[in-house]
Each structure stands twice: as structure tokens, then as C-alpha cells.
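Note that the chains are named A, B, C and D in the order they appear, and that numbering of residues resets to 1 at the start of each chain.
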């Protein structure tokens, strides 16, 4: 036998023993597969969501519903195909009881199918794509966050109420971006001067800002998560446009981007279902604990991650620690047996929350940190626009 | 003429190349069988991914190693293959014989259009032109709003073969992919020794000589470019089935770059090396990525160390010889 | 005498203002060795490149065995029987001598495509290749890698490559350049042995070789043909002596004069 | 679409072009002189932005921050040259691609490890972040104007260096014929270090200038290096002059495409189709431009060697 063949066989033996080693992980405790975007320009969102989740778990002594809990965290890299492969790993290798997390809707749409097919519960910590709320809703899906359109709807309603006559809309050219435009326009009835769609990941907005300045609009509404938002906010104020028109956004000016934009974002208005200064005991405790643990104010993603862990904790408590009876666990989650940092919180028939939505404003806090702050409530106990299309009752 | 000086009818170099190919394929099947017996379905899908990536890497390795053409746009035919699978499946055409041939033909036709333009140049300019064409297809895919636009779309249903659900489980998909990989690897190994392979390989070293021998250099390079694109599209069809998902990210230049890295890591001109490197990179990501989100740091250090310290590649490390007709 | 193998008709070429080929017309007759000589910069290599197809003349035509090939590519000319030995040794260094010749034979065949059998296992190919190698005395080096051969052997290999293609016309661009004294003698002998069987157009600085081989010579000066004729006529021409040959002719013919 | 808007967009294109030029200049020199393909040139841009941002925060002064940031970026560039690139210069192009790709992975993750994955705070000094009035009615961001001026300044400086100094002469000679430089007895390694570190410095400067505009995050260099490669191939490899004009061309075409493609398409194919196709076409424009230019001139607009 030649050297080449021997080496090839050696390699295969190594491969196989590596497989065997990883295949014999025991499955005793409650197992949660946590999917988040942890690399690339949008990583801060995933990091906040994960931090929130881990903070809650720590407060619960590392246990969910009193059961020892193992959390397997995977980075989806914001690539749907990579996410699918890794989620298959969670389902088949780690045999998780619940898949949780997920920042981006395209990742959620990609993994939903294999998760539902394996009849595993999928609880979102952020992404709330419309197909899963409407015709494509599933008994295995819950959202601990919102339905995607809702924060944009809140902004649309705000723009309508404040009497902005001419608004320019600007989002990245992808599904969530186009959805956000639809959400905004559902409640805004004034003139939309122009809709600008930019490539996903674009960081220099000079061309768009020049057009914006020439448009004569009295407000711009935008949805630019992560690094795109940082760049846009900085360039917006640098070009002096912040003195000419109101900057309205969702998922753009929040505690993940404020540390980078600082005073450039001051006074900007966003739609949100939560802010650090939302008045309730749970939230006060959460914000204080988060700032102590991570040295910076939490964002809405962190609050959702935190709520997600508390939701699972409450549900597993209800089932008496039994996570293998999926019907029982599902029923327990649907009752939302936990105290949300958002205050009133309950699930709709499609597994999405019924909750309040607010207008928040970026401000500099007394201690110098930049945070979002409650301005006014826009919607009370709001359902999403798609629940009627969902067959679940 | 005395018989001693005749070339042997059984070509020893070809025999050895084929044996190496069989050994690598055998190793993959052995790993798949072990994973099945050990009851580790996840590892099955991992092996499937390795086989699919290997097909893509193999087509690029053929292009770089045997034709001397470094394409920085090889993600494009892969993505085209994936979109063909997505669109045909949505229309109810799930048969692999149709999907694979349609993907092969479409990618080959596109290569037939872009190839002559890129082949007016060589070296870095060729690299950049292939990148330019791939970027154009990336943006086209991103603008297909009814096919998911930038987000991509889930595959309506997995492919079938003559009515059979041949890709129903991950194990079947992996086995089918390895079988296809075997066919492509062995055909490619064989081809390296045929007249076509002999001419192509000579071109990578000395285009002037080959032209003076009566061969139209650019025609041969174009054939190679077209074949490589077609084979890459085949891996795209499998990739779509494996992930059950198709997105423009498949056509991103990062993917083209990663594929070049896999080929060079495996050793240019060493076909089984491309399979080894695909396995290494995927396993690296799986196992190191399981422990730290900074696994790319580890991969980067490993790559730099391999390049700097040994100055050789994985294929050489495992004793895989350079393929081709050299005695 | 039958029709010429190669006819150059009024070739003109210039690089910008620099006129490198001025109205050149030359004929190579079947079986003849026609030498092209001239001082450095006379435009010999440019002319060869126009014949083989690397360069396109600005006007005039190249006619091979009655067929106008001016617009054809290098490869198409080669397939019609125009073989070139390059000034700098030009073989596939990583291939064996045998593989180099096999490659050349494949170039004359049709259907590189549907012949799927391994090329080096094809005995008919190998036999023809060995035949060509034997003609240049390289039969026992058939399996040697080209880069391991000596420079002279590589020149001989290149000759074998061209011979294997059964050329109508052999273009020899300074075959002796860089070859040692002893080997150049052998090479001259080798070329002489081909005389009459293959038509050749020879560019060479080694006047010993030129006068030993050539049936006719053309003298190129400043891109134009100064004179064409048999060796004796060239040697005798005062114009040629003055313009170019001078001492080289003396050296080559001095002993006999 | 009025004329002052077009003028503003041209300035925006020029500004993008200047950033591209600063990155491409070093790339084209290193490639032209040393025949070295450095995919990792973009990390110098990232390093420049990060180090300047960090030292600006530390010294609370942009001027000092810029000097310290660029100096440390140059030192890091030198270390990379010493440890990795020096070995790679004698290797094949493909090994260079592999090795420098590894460097990208390392530096990107190292930045993420040190500074976190989130974009970090980095603003232009207060005095420079306002608007400048070009005409009584036409205002333009001062910082972007400064980038344009800095780019033109660097281009002039490079032109002087390349055209008037001994090192410049060596660089020019080196980019057309390596052997000549070897024959002149020049220590080619030292010349390379000099060219390399200077190129790294220019890219770092580009990062430091662009940092206050865009978000400073670990992968910021990825896309810029691809555009820089487009620039140097279009301009002609090894030609600084080519890089300058190609950078402006690419920058202007990209910005004009983003600004007007959708609007122009609307009048041709209707609003809804244009909204779908416009952004894609805008992103494609520079690649289409590159293909057209290279079809006409395979060696680029200003090829240093003159050969095809």
C-alpha cells in the first residue's frame, strides 16, 4: 500500500473518531439551542440579545424552571445557509429541546422549516417575519419580541399624528427593509416623496443625503440596523440635515449604536416596544443588573433576550420540569407565565405578543451614557396585522 | 524501435492517481457509514457538506491547476446552479436529471459568454474580470424580488430522481453527493491523462509552444472554463438541497475567495487535495466554532502557519501527487 | 521546379514611425534550405513572427503552398504545416521528451475531444514520437524530463517536435544560438541530414552553419531585401561584404580563399 | 434633478474616489514593484481607523490621535511585513493570496477581540464637522471637503516622490523591470519595506479620514480592498497616475449610479420595475465599467509596463 492511500485512510480514521467523540454527548439537562448573529457588522445585536438571555439565566442560578440547563450558542454569521447547517447540528447532534434567539428575519425564515419539521419549539428573541405571523404560522413558533412591522407602524402613526406632510423613506434593499416601508405606510397617509433602497451593508450615504437635502421633505423615516445605522446617523448630522428635518427610525438609533454615534443621534425619534426607563419593577432591576454586568445600558435586543429566558423559565416551571412533552410545553409557553420587563405581555393566537408600542427619543443621561427614553405611548395592547390570516386558534 | 522504449500501455501515473482518488472517496464513504452506525445524523449532513464543497473545489482546482486560470468568480456558477434548483423545484420540476443538466447547461452557456471576454487577459486582470462578472450575477440574484431578493428563499421540495425521493434523508443526500463527487473526481483524473489534459496542462506552462504545435490556446482555455462552470453548477444544485435554502450569499465574492483558499490549501493540481482541504476547513469551523466565536482567528493562524512554515500544502503533506500526464 | 512552399509578397510592417519590414518578397522552394541573414536589427525575427503568425503585417501576404494564410492564427498556420523552432529553446519543461513530441503529434490530429484514452498509453502515438526522437538522436532520452536535458538536447528535442508534425516548412530562428561548439556541429549535421526532405527557412548567425546548409540566401538590411542568391553569389557580392558580412565572411571562408 | 444636486453628487464621487485612491496607491505600488498580491491591504485601512479612533479617544485630541494612530499603524504594517509578507514575496501569487487571506482573518478577529464587534465611537473634531458654503446657496460637509483636499495633496506628493526622487525612480524602474533595479545594486528588500510601509500608511490614513464618516468596525476593510483592486486594474497595475484617475472615475460612477440610476430608469421602464432593478444596476455599474475598459485596454488605462 502506498503512502498516499495510507494517509487517506489515516485521515478518515481521524475524521471518524472525531465524529464518534462528539456524538456521545449525554442529554441529561434542559437543552436550549441559542442562535444569534455574533460576527460581522451586525454582531452587536446578537451580542446584546445573548447578554440579556445569559443575565436572566445567571439570575436564575443557571436553571430554567428549576432544571439544570445547558445552552448551546451558535453564530449564524448572518448567512441563512450556514444557519441551517448549524441549526441541524442543534437538533440532531445536541438534541436541544428548544431553539431560541435569532436576530435576523432571513435567518429565521431559513431555519424555521427544519425546526418545525423536527417538531421542536422555536422561540424568537428578535426576528418576527410576517409569513410566520400570517398564513405560515406554526404551533411550534413563539415570538418573545414583536412582529417585524410593528415598530415601523408605530413610527408611521407618530408621523401621521405629528402632521409631517412630506416624508422620504430609506431602507436597505432587502425583505425586512421593504416590510418596514409597508409597515410605516400602513399608518402614514401623507406624501411619500421618495423611497430610497440602498444595498445591504452600504456605509457611505453621501449620494442619498444629497438627494434627501434636495427633496424638501420635513422628515425622513429609515430602518438601518447595526453599522449602517451608525454611519447614517453620523453623516446625517454632519451634513446639517438634523436641523432641517426630523429623523424617524426603528432599530437604528438604540443602545447598540448609540455608543458609536453619541451626540450625533441626540434627539432622534424611534419606534420601540421598550426603553430602559420604562416604568416597572422588573425593568428597573433588569437595567441595573445589566449595566452592572456589562458596563453599558441594555438595548431592546437585550430586553428581549432577558424576557425570552424568563418566559422559558416560567413555562418549564408550569410543566414541572418536563420538557419532553411538547404539547404541554407549548401550552405552558402560550400562557406567558412570566413578568415581562415590558409590563403587560400576552400571546396572540399566532404566537406573537400583544403589547404596547411607544415613541422613544435618544438622550444623554445624567451619567453621560446615551440611551433611548420613553416619549409617549402610540399603541396599547396592539395585535399584529397578520394574525387574522393565521389558522391557529 | 525497441519495445523497451515504448510507453507502457497501462499508464502507471494514471493508475496511481486513480488509486488515490478511490482512497479518498472510500474514506468519505467509510466516514458516512460510521456516522450512520454511530447514530449521528448531524455528522451525516456534515459529510454531505464536505462532499458538496469538494465538488465545487474540484471544479476550481481543475481550472487553476490544469488550465492555469484563477477564477475569482467561481461562486457565480455555484449560485446559478442553486437558483436553477430553486426555480425548477418551485415549478414542480424536481427530477435531478433535469435539474442537474439544466444547471450545467445554463452555467456553461453563461461561461461561454463571459469566458471569451475574460480570456482576452491573463493574470490579475483575468482574476478581476471573473470577479466583475460574478458580482453582476450577485446583484442580479439580489434583485430577484419574487425569489426572495437579498434574503433568499427556502427550497419548495427536495429533488428526486426518476420519481424516487433519492435525497429524502441527509444520509441519502450525502451518499448521492459522494457518488457524484466520485464520478467527477475520477473523470477529472482520467481526463488529465487524455489528449485534452495533456494539451491543457502544457498550456499552463508555455502557451507559445502549444500554439506553435497547432492548438488554439484560447479555445482550449474556454472549454476548460465552461466545463468548470458546469461542474460548479452541479454542486450548486446539491447545495440548494442540502441547505434547503437558496440565497444570493451563495454568489458573494467571499465564497469565491474561500474556494480559492481551499484549492490552494489542498495544493494546486492535486485533485484529492481539494477534497482534503474542503474537509479540513469545514471540520475546523464545526469543531473550533463550537468552542469559540473567534474560530476564524484560529483558521487564519493555521493558514498563515501552513504557508510560512512548510511552504507546502495539505495535498503534499498527505503525499498526493500532482495530477497529470507526467511520467 | 514545382510551386514554392512559401511565398512572401510585399510584406510591410512598422511600429509607429519605425519601419521594420519594407516590401519584403521571398520564395522558399520545395526541399530547399533558404537562409535569411543580416545584421542585428535588420528585422529577421520580426519577419519570422509575421510568417508564423505572432505578428500581423500591415500589408502584403504570406502564402503557404499556394494558400493565403496572412489572416490565420498561429495555431491554424501550424496545422497547415508551418513549424517553428524558436530562438530561445521552447519546450514544455515539465514534460518528458516523449510527451513533448506526443503533444506535437496531437496538434496535427483531429479530435482531441473524443479520444478519451490516455494519450501516453497510445502506442501508435508513442511509436511516431519515438520515430521523431530517433531522427534527432534522442531515442534513449525519451523518458527524460525536458528540463533535465542539456541545452543542445533541448534544441534537438524541439527539432523532433517540429519533425513529428511532418511540416511543409520549418522555420528555424537561430537554432545554434546558445548551443556549445561541439553540439552545434552535431546540430548542423542533423539539419543537413534533413535536407531535401524538409523545406527550411533558416535564420542563423553562425556563418559556418549557414554556408554548410543553405541552398540559397536572402540578405536583409534595414528591413528590406538587399540580395537573394546562391551562397557563392552572396559571398562574392561587394554590397553584402561591405554592408554586413565583412569579417564574418572572412572568418567563414578565409581558410578556403 | 437640478445642476447643484449634480454638482454635489460629483463632489461626493470625488470624495469616495479620494478614499479609494489612498488605499489603491499603496496596493498598486506594492503589486507593481514587488509583484506581490496583498489581499490584506484592506486591514491597513481598518487598523488606521481603529488606532486613530482609539488614540483620539485616549488623548482627547484628533491631531495627536491621528499622528499616534498612523504611526502605530505603520509600525504594525512593518511588523506584518517583517513576519509574514517578506517570506511571501518569493512565493507564487496563489500562495500570496492564501497567506494574506489568513492575515485578514487574523487581524479582523483580533480587532473584534480587542475593540468588540460593535462599531466604535469616532467623530471628527467639532471645528471640522460643520458645513462649508461653496456658493451662497450650496453647502458641502467640511470633513468630506477635507478628504478631497487630502487626497489631491497626497497625489501631488506621490507625483513629486515618484517623478523627482531617486527612490521614485527606482520604484518606476521596478514596476516596469525588476531586473534593472537588481542590476543597479539596490537592496530590493529595503526598497520593498519602504514602499510597503508607505503604502500601509496611506491606507491607514484613508481609514482614519473615512472613520468619522462611516462606522468603524472589524470588517470595514473587506469591501474597500476589492474596490481598490478594481481601481488598480482599471488604472493599470503599478501606475500611481492610473490609480488616481481610475479612483476618481470609479468613485464618480458609483455615486452617480446610486443617486440617479433608479430615477432615470423610472422614465424608461416604469416605477415599480425601476425600484427593483435600479439599486441592482447601480451596484453593478462599476463592474460593467471595468469590463468595458478592460475589453478596450486589457492592461488598464495607464499601464506602467505598456505591455498587454
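Throughout what follows, contacts are C-beta pairs under 8 Å (C-beta built on N, C-alpha and C of every residue); 3 or more make two chains touch, one makes a residue touch a chain.
Please read these numbers as outputs of a predicted model, since none were measured by experiment.
Within the contact network of the assembly, the step distance from chain A to chain C comes to 2. Chains that touch both chain A and chain D are the following: B. With centres taken as mean C-alpha coordinates, the chain found closest to the middle of all protein C-alpha atoms is B. Among the remaining chains, the Cα-based centre furthest from that of chain D is the centre of C.
Centre-to-centre separation of chain B and chain C, using mean CA positions: 43 Å.
Taking each chain's centre as the average of its CA atoms, chain C and chain D sit 50 Å apart. Between chain A and chain B the centroid-to-centroid distance comes to 36 Å (mean Cα coordinates, whole Å).
We define each chain's centre as the mean of its Cα atoms; on that basis chain B and chain D are separated by 32 Å.
Chain B has residues 142-143, 145, 296 in contact with two or more other chains.
Looking at chain A, one finds that residues 38-39, 173, 199 touch two or more other chains. Contact with two or more other chains is made by no residue of chain C.
Here the touching chains pair up as A-B, A-D, B-C, B-D.
The touching residues of chain A, counted against chain D in their complex, run 38-41, 43-44, 47, 173, 195-199, 201, 203-204, 206-208, 210-211, 213-214, 226-228, 230-231, 234-235, 238-240, 256-257, 259-262, 264.
Residues of chain C that touch chain B in their complex: 52, 73-76, 78-79, 83-84, 86, 90-96, 98-99, 102-104, 106-109, 112-113, 115-123, 126-127, 130-131, 134, 139-140, 142-143, 145, 161, 165. By the touch criterion stated above, chain A contacts chain B in their complex at residues 2-5, 7-9, 11-12, 15-16, 18-20, 22-23, 38-39, 74-75, 79-81, 84-85, 88-89, 91-93, 105-106, 109-110, 113-114, 172-176, 178, 199-200.
Against chain D, in their complex, chain B makes its touches with residues 64, 70, 117, 120-121, 123-125, 128-129, 131-133, 135-136, 139-140, 142-143, 145, 253-254, 257, 260-261, 264-265, 268, 294, 296-297, 299-304, 307-308, 311. Interface residues of chain B facing chain A in the complex, by the touch rule stated above, are 16, 19-20, 23-24, 26-28, 30-31, 34-35, 38-43, 45-46, 49, 142-143, 145, 148-152, 154, 170, 239, 242-245, 247, 249-250, 272, 276, 279, 283, 286-287, 289, 293, 296, 318-321.
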